[in-house]
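Notes for the one structure printed next.
First chain written, first letter: the chains are A, B, C and D, and each begins at residue 1.
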Amino acid sequence: MQDSQATTSQATVQVTTAEHEAHNPALVHQFADAEQQKNAASLGMWLFLVTEIMFFGGMFCAYLIYRLKYFNAFAAGSQSLAIKWGAINTAVLIVSSVTVVLAIYAIRFGRKKLTVAFLVVTVLLGFVFLGIKSIEYTDKFREHHVPGANFHFTENFDDNGKQIPVNPNEVQLFFSLYFAMTGMHALHMIIGISLMSTLAVLTWRGHYSAEYYTPLENAGLYWHLVDIIWIYLFPLLYLISRHT
Amino acid sequence: MASIGIPANQAPKLNYLNNGHSLKSWLLTTDHKRIALLYLISVTVFFFLGGFFAMLIRLELLTPQGDLMQADTYNKVFTMHGMIMVFFFLIPVVPAVLGNFLVPLMIGAKDLAFPRINLLSWYLYITGGMIFLHCMLTGGVDTGWTFYTPFSTDYTNTKIVEAGLAIFLAGFSSIFTGLNFIVTIHRMRAPGLTWDRLPLFIWANYATSLVMILGTPVIAITIVLVAVERLFHLGIFDPRLGGDPLLFQHLFWFYSHPAVYIMILPSMGVISELIACFARKRVFGYKFVALSSVAIAVFGFLVWAHHMFVAGISLYAAMIFSFLSFSVGVPSAVKVFNWTATLYKGSISYATPMLYAFGFIGLFTIGGLTGLMLATIGIDVHVTDTYFVVAHFHYVMVGGVLMGYLGGLHFWWPKMTGRMYPEAWAKLSALLVFVGFNLTFFPQFILGYVGMPRRYWQYPPEFQALNVLSTAGASILAVGYLLPMIYFVWSLRYGAIADANPWAAAGLEWKTTSPPPTFNFDETPVVTWEAYNYDEIPHKERRAPVAG
Amino acid sequence: MSNEHGTSVKTYLIIGATLLVLTVATTLIAFVNLGPFNPVVALTIATIKALLVILFFMHVKGASEKLTGVVVASGFFFLAILLTLSLSDYLTRSWW
Amino acid sequence: MASQVDALYIYLLLVAGVMTAVIFLGIMVLAIKYRRARHPNAEQIEGSTALEIIWSIIPLFVMMTFFIWGAVIYFQERTPPADSTEVYVVAKQWMWKIEHMEGQREINELHVPTGQNIKLIMTSQDVIHSFFVPAFRIKQDVLPGRYTTFWFKATKPGHYHLFCAEYCGTQHSGMGGDIVVMEPQDYAQWMAGGTSAPLQDTGKQLFSALGCATCHRFDVQGRGPNLTGIYNKPVLLEDGRTVIADENYVRESILNPTAKIVNGFKPVMPAFQGIVSEEQLNALVAYVKSLSQPPTGTAGLQSQPATSPAEPQKMQVQ
């Protein structure tokens, strides 16, 4: 290896790599073989997902504590959300998760066009999700339910027909957490969509094959995690108290 | 920079230092060893910046009146000192400098698992650092490094959001470093290097990485919430709008208490290496020392509200957290006992790194025991938020982390640069650091118990004598820290040339040249021996460098 | 994770369909008054859905080594620590 | 209390001193005895599980004594005796405002008699502060939006430092004052110097001025609960929970009545958040609390022991 160390940086790395592992251009220098590289990438992704869980965990913690104290206000805030859109969005994300696993399934058999097709559908479903989310946000904006100086909330908590007035400040807390959590989730969706679009292009260009598709698999893990977070956000935000 | 470590009269053997001299070959390097040096330079800058603020604090406190600077200035000075030291020095220092350099070397790997993410970590860190410097130069922050709400969200008019962004970025740097270490240690150990053969420094960094990954995201989202709260006044932490300021403290300490273990665990790992090498012995109770690192990391997540005993948490929560806090005491004690026991029937050399190790054990013992006092609620109620706490965490953070770091830096300096440091000067500075440190911080225990609150710009005159002592100690400490800075730089050019293993130390990092080649090992090593097999390595007292 | 997940397209579709059914179910059940059990049911269903995604879509079931499972579990474990120990304060405040 | 804290502290110091001595001496003795010049060849020792267990378990037991002793002291510090004299404290950037039940007000000074248990009921107008009297070994953060309480008993007349211990902004270090401890007769004399009305009387006036009395009636059932005798008693809420009607409950029910609706009542009370000041709120709370004690000559100076708070009390109206 001595000879190949004339310079460092990425360029050299690739030279070295090419010399040593000419049969697999995707293998980078620090790994002994493709198996090790794949396992490392996968573990790295899982650890990253754990940090995501803890990241959202801080907001879940805040949600739990305020919901305990201000149940009525949280229920009133929850009732003002459009359950229809929430449920449809949940379904959209689930279907997108299915298309992601199908894309990875397809690449394992080297079916590149099929893979690209599934990725494109995934991206489209991602946009559908964001579109619906923006409809919801627009409604909230129009109803002055966005926390801040213009926040107004006059509805009551409808507890099985019994009207319970609630403190707007407490409902504002609900909406603060609603926007923080769904906003952070939407940001993750945007990142996921860019990721999936890039991968679709790269797959189209032939970067991935049945032998090497680790980035696809890891992006898939990320997408599923974002899905899982929504799976929890849906009941926590939309379904607090619906039985009227 | 580029000329570092090229031995003047040696055949130009290619190593990681002379393999490429352009600025680009450093700033875009993916070599873990070069990134470690980038970190070394940047944390050193932040250390001396933080130290400068520390000197300003000590000078202000020389007299009871606030006469050196305005109250607002003083508040900013201690805030800058705290934030710089915690987020830009103590958290990255050992993992990002020594860990980055050594983790792949110690496990016989060519690099970390994700070299480009490693470089990204440094860029996140340095971007955060630059933003913080900008924030500092354009007004700074005056909330204390804890930036408690509602003061930070609604009452201060300083640059909280900007400082928050800086810390957020530094936090992600830390997350990626931890992620890289865990994957590397899991996936890239050399053949034969099983978990029970790993150096204890690796175990310690593994445990640290767990905390980085699990804790840091919580402070990240907390910072986001504080920023959003400050910008839009949502009420998440504002009692006037129904929020609870204690929720901020819970989230903050959920990270910031374990963060203490991010700082101290890697230093503990360093100490295990030093003691083994300079006592020529396998560390006593290897398995217990290894597992105690993981135990400290996990238990560290169960104790955070002991920072909040007087903050207004419920009586019962206080008791639960006090009880759980003692759980960290056991693995910490286990380490100290095992290190001491390792000395038994050893063959002990008093080289500088060993002096730092002795210092570490002593100071960490005091820091740990006073920590137990703080976990005892009845005592904590009196001494929390006083100089007792300040003294306690400086014993752990400076007496512990920094001692370990300096010990490790001396120990691995020949490996990193190919040069020896001057031994006599190093011994002198170790002595100065030890004496100066105790003189600075021991009086603060007494100050705290007699009631001087922390973050005080002026104080009743009866506290002056102890404060003068502390300031006097700080000036000795400052000399103790400046000396290594000078002789390390000096040694780059004039230091004795180090061979591959100047300490006759065990460990894979000593089996390659000093400095190592870019890909660490010419051949991937195969490990067939246990860690710290000092019975198989004769020490070479004569060759141990005595210079200066 | 091994190259062979041992999961077929059919499994994926069945799991996907189950997830959709559970989504409809949780939405409908929300309109039935179960008293204190509404949130319990909603979160149980959410957890089942999350587990299905983790086990089948993310291939933790059938993974060649246990490490992945340990990593996931530790994530949720430390989240649980954050939530329960925070609640230990709030639930024992007499007036919260 | 100070002597108890000191006793515990001395115990901890002893244990810590012994431990430090053991470690320091151990290192020194071993380092000298086994220095390389005298002991050139190390003997390898693997370790000892028995030793590991011993030096894990013994410290654990010692630490449990710390925990228990510390927790006992803490529990006492946080449980005011029933005969405590109450004093209201309002903190703001950067001063302490003190209100005695007799209506005396002070700033940055608190006069108390020796031998009397004093319970402080504290809140903040802005950021978090912390009431710290080193001589009494006590400290309690003072939070905006709620009350925190603790108690102490001064034994020796004199002036003692009062500090703010939680960083609160520019003049944090200037936010101090004096606790003036006086002999009871001196204290009585000092107290007699004031002319203000007792706090609960101020509260009573506010109670009618704000129109509270229209609904919270004492003769017939009004639209709000009868407040007689509720303090420190469990209250059954509309949603089935039971909470103790402590200071924080009364406070919250004034500022934000919909937060906890008493069973059987309608959420019709307007919120007083932003309408009453912290001082007025203290007066109202003091008044509501005074409704829970039998009328005595010195009502207000001493609150009577609440009958066992655990004993469930039937609400006046269901």
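The working rule: a contact is a pair of C-beta atoms (placed from the backbone, for glycine too) under 8 Å apart; a residue touches a chain by one contact, two chains touch by 3 or more.
This is a predicted model, so every value here is computed, not measured.
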| item | value |
| --- | --- |
| Chain pair with the most C-beta contacts | B-D |
| Geometric centre distance via CA averages, subunit C-subunit A, whole Å | 15 |
| Distance from the mean Cα position of subunit D to that of subunit C, given in whole angstrom | 42 |
| Whole-Å separation of chain centres (CA-atom averages), subunit A against subunit D | 45 |
| Chain centre separation in whole Å, for subunit C relative to subunit B (CA means) | 37 |
| Per-residue multi-chain contacts in subunit B, two or more chains | 186, 214, 218, 240, 242, 244, 246-247, 250, 254, 315 |
| Residues within subunit A bordering two or more other chains | 39, 43, 47, 50, 53-54, 57-58, 61, 65, 69-70, 167, 169-170 |
| Numbers and ranges of subunit D residues touching at least 2 other chains | 256, 273 |
| Chain contact topology (line, ring, star, complete or other) | complete |
| Residues of subunit C touching subunit B in the complex | 67, 74-75, 78, 81-82, 85-86, 88-90, 92-94 |
| In the complex, subunit B residues that touch subunit A | 14, 16, 19-20, 24-25, 28-31, 34, 104, 109-117, 175, 179-180, 182-184, 186-188, 213-218, 220-222, 224-225, 228, 232-236, 240-244, 247, 250-251, 254, 517-519, 522, 524 |
| Residues on subunit A engaged by subunit D in the complex (per definition of touch) | 69-72, 164-167, 169-170 |
| Subunit D-touching residues of subunit C, taken from the complex the two chains share | 94-95 |
| Residue ranges of subunit D in contact with subunit A within the complex | 239, 256, 258-259, 261, 267, 271, 273 |
